[in-house]
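Each of the two complexes below includes chain A, the first together with chain B, the second together with chain C.
Coming up: the complex of A and B.
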């Protein structure tokens, strides 16, 4: 094969993936960018170039700022606890205990449920007074709370539900990682008289780092991508206390018909996610302990 | 030979004409129609049944009725179909979408389609309150179909237990407050009244402001009255029910679970859509009543629900066929059948004059309340930029109910932002 032919061959091999990527990822990104600098066109008022007007609007838009802040808290609130919980559950169901299969299944069940179904269940959990949570709290003499109707409680309530939904999924990755850790390490550590905690902290946890990186990336991305539950539970309310960026994009595009402003917020979200991804890959390339 | 020849010509012409006519008759007009379902229940089956009846009567018209999700989805799908060049000819969409649809140049006014006096009479045959959301710029753009109002459901057993007259539900704000206080039992976690404030807070609020003698917007859809004293007073009253009088839970009340609260006896009264009537009737384990909303200055409720629209991108035949379909669906007998099977309001006086609906109202009196209340009904909040304006009001209501802002503050801010949005739609703006 001549080098020229090899070149063609290489491009041909790349083509299917490249076409899909360009058609469904890169071109939409460019189109979004373009539409964010035009006004939304209607038959009555055609679109015109408005430059960075939409981006200036962002700074003055209290709902956008609140949605962005909410998203930040939502990310912090869901990612760290769900990873910690996933590790705990994985270690627990990795032990040789009776009913292990059932226990694993039980932890994994929330993941199987569609988010909309889960949100519908939690809607009734969170219902003041007659909901499951308030009924359990009532046993301890606590009076009912308006979980989804109180601006201070609504975001934490959503975070708790999301952790419940996500942790089981991450557990699967940790379980696989735990099973690939050679048992000799544990035997050696026991011979050395290491405590369970120092074995976990000095041996298991570092060996889980690649998994943690993977899960962290996924969990963070998810915290910006999850939006289904808002449709059922709060619609971003009360007064935007639980509004998240993606839901605000949906509202702007399909309820306000302002596609160009929606494109603007989408660009912000894209840049944010790209930066996050870059930072993580750069950071963890140095820290992660690959065997 | 001349006469013969002309006779032959005439026969030929007649034959050609006849052939042409049969060809036209054989040619069916195809209609695509999107429709939303906003409440639970087997509504798609009922619509399919109506469409099948129509096709049986009109073999030259072929209707494809497509269930398109909730109101929001239906609008998105219909507009997307429009842009893709495979448009629907008519659709049922939210009555308050009218300004957006006009802004998109998507719909045609019925005044421009009706031809005969008989059709003009049909256009004037609906309850005026139901037409308000379908009329602007001096024309009618939407024909009422699945329409509702807000009514007050109340638990008669709880009324009796509290020593109140179960056949005499509160008719004024003062009576409402007194009754609510008597019905509230904090130890049992039982409230007197719940008005939902998620999902469609602006809708419930429209009832309160109307009762206080003030509508929320003008008929041209380019002006809102959020900061009028009567509006502020209405929101203050709503907020006080929870914060001050403790007859309603504080914070916002979830639209979706409210019916469950009522069915489980956690609230003695609830304000909700008439669309819930059949579900409450089926599931209530207690004696319940349905009443008109109470009055301050007057009684009042906004209407709600979906209207028929005809799209602009249609041929003459398609418009005629669409008119036929809409007239069939809104005919008194069909409207009566639709009302009985769903709980939506019969849209014309004539539908309540049918034997079927007359009998039903006698057998199940609550079905009459919504109709009687139409006399006091007003349009649902609908303006240009309606999604944004509605959200401004929703956020203001929720901010006030959760105590983040005072009613004056919240509504004042909403009004100044609505003014900014609506300025371009005012003359000289």
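Coming up: the complex of A and C.
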């Protein structure tokens, strides 16, 4: 085959994937960018170029700012605890205990559930007075909280549910990582008199670092991508106290029909996620890795 | 008082017995080897001493204290693992000092001991490297340094040289032995390599099927094997075992189970066999291997394959008929019950 033919061949092989990617990822991105700098067109008034007007609007939009802040808290609140919980669970089900297969399955169940189903379950937990949580609290003589209706409680409530949903998934990664740590390391440390606690911090945790990094980035991305539960549980309310960026985009586009403003917020979210993805590649390149 | 003692120790998982009613004792400052084929319970015995495995039965004591149920760290032993068990994310220094840090030894003393251990093991130039940046032999030294830096009187080693190539193994063998003698360590060393055992040990415990088959100095095991298993295990090529019939004080080569007390085994080392011109055990040459200093001839003798070690280059063609002889005092006799029978007074007609 001539080099020229080889080139053609290569491009042909790449084509199906490239077409799909361009049609469904890259072109929509560009289209979104274009749409964010035009006013929304109607049959009466065609769209016209408005430059960065939409972006200026963003800065003064209190709902956008609240959604962004909410998202930040949501990210911080879900990522760290779900990782910590995942490590704990993984260590526990990695021990030689009776019924650990069942336990692993149990921990993994929330992951299998669709987010909408999970949200419905939690809706039942959170319902004031008749919900599971209130009923249990009633035994201790305290109830009547409106978990999803109170602006101070709604975001933490969503965070708890998300941790419950995600930790089991991350646990699988940690379990795999733990099983690749040779058991002799534990024995060698035991002979030296290391307690479980110091073995964890001096050996296990550092060896889990590559996994932690991977999970961390994915958890962060997830916290900006998760939106299903809002449809079931709060619809962003009360008073936008649980509104997240993605949900706000949806509202803007399909409730308020301001597609060009929605495109603007989408661009902001895209840039944010792209930065996260870049950070991920950079960290993996640097191999924050023990090897 | 012995440094390490096991009394009737049994260790089992369900029905499988890893170690079955083993008793052994190790004197202070000696180099003791646990030898045996794969799966015979060597590692399990070692791990029992270290406290990494719990005994179902029996008593383990170290320096006279009963440690049967003591945790590993309370036993004052250090261990070198077969795959070294180095912490991959720590450099050589941190690996060596891991235990001292955990036990909160003062910083100054730590530095002193590090220098001492690194010097003894020749690691001074590698202290900043991670394990993956070291060769197999260097990793082995790090594991060794980590074991001696604890300055425990007892050091346990589970096939520490088995991952090294033959040449390095030989050097390390000598180094390990020298280090043990210099520090006066009590070493319990596991290997399945009988040459390693013969070369290094003060005393060998030869194990088989979870039990100690025989123990003694390497010379003992070589010169007076108590069972056919020991006879076969020690020596390369191993001792020849020829089935014989015993008929009224005389030995007949394997006519199998005709005489009343038949089916004994006669053992002769390859180097004790000589070629005879006239009378002797008839055999037929099957192959011969020239090793330089000697030639090992494999010959068929009834149903047994016999190895004969002849000096220098001795040419023999396959199919050649020979007669073999040996002296009465070089002969080992094992009866039907696999026990050694000295002074049974039986001999071949051609023996003087």
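Just so we're on the same page, the second predicted complex is superposed on the first by the 282 of 291 C-alpha atoms of A that agree within 3 Å, B and C clash if a C-alpha of one lies under 4 Å from a C-alpha of the other, contacts with A are read in each partner's own complex, and residues count from 1 in each chain.
Everything that follows uses one rule, which is that a residue touches a chain if its C-beta (ideal position, glycine included) is under 8 Å from a C-beta of that chain, and two chains touch if they have at least 3 such contacts.
Since we're looking at a predicted model, the values are computed, not measured.
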| item | value |
| --- | --- |
| Touched partner set for A:128, first chain B, second chain C, both or neither | first |
| First, second, both or neither for A:240, with chain B first and chain C second | first |
| Touched partner set for A:257, first chain B, second chain C, both or neither | first |
| Touching partner for A:192 - first (chain B), second (chain C), both, neither | second |
| Which superposed partner A:202 touches (first chain B, second chain C, both, neither) | second |
| Dominant toucher of chain A (residue count), chain B or chain C | B |
| First (chain B), second (chain C), both or neither touched by A:51 | neither |
| Contacts of A:149 with chain B and chain C, given as first, second, both or neither | first |
| Partner chain B, residues of chain A touching it in the complex | 42-45, 63, 123-124, 127-130, 143-144, 146, 148-151, 232, 234-235, 237-241, 251, 254-258 |
| In the complex, chain B residues that touch chain A | 72, 76, 100, 103-106, 189, 197-199, 249-254, 256-257, 260-261, 264, 266, 385, 387-388, 391, 394-396, 398-399, 401-402, 404 |
| Interface residues, chain A side, partner chain C - complex | 182, 184-185, 187-194, 198, 202-203, 206-207, 209, 290-291 |
| In the complex with chain A, residue positions of chain C that touch it | 50-52, 71-73, 77-79, 81, 83, 85, 87-89, 98-99, 102-103, 130, 132, 146, 150 |
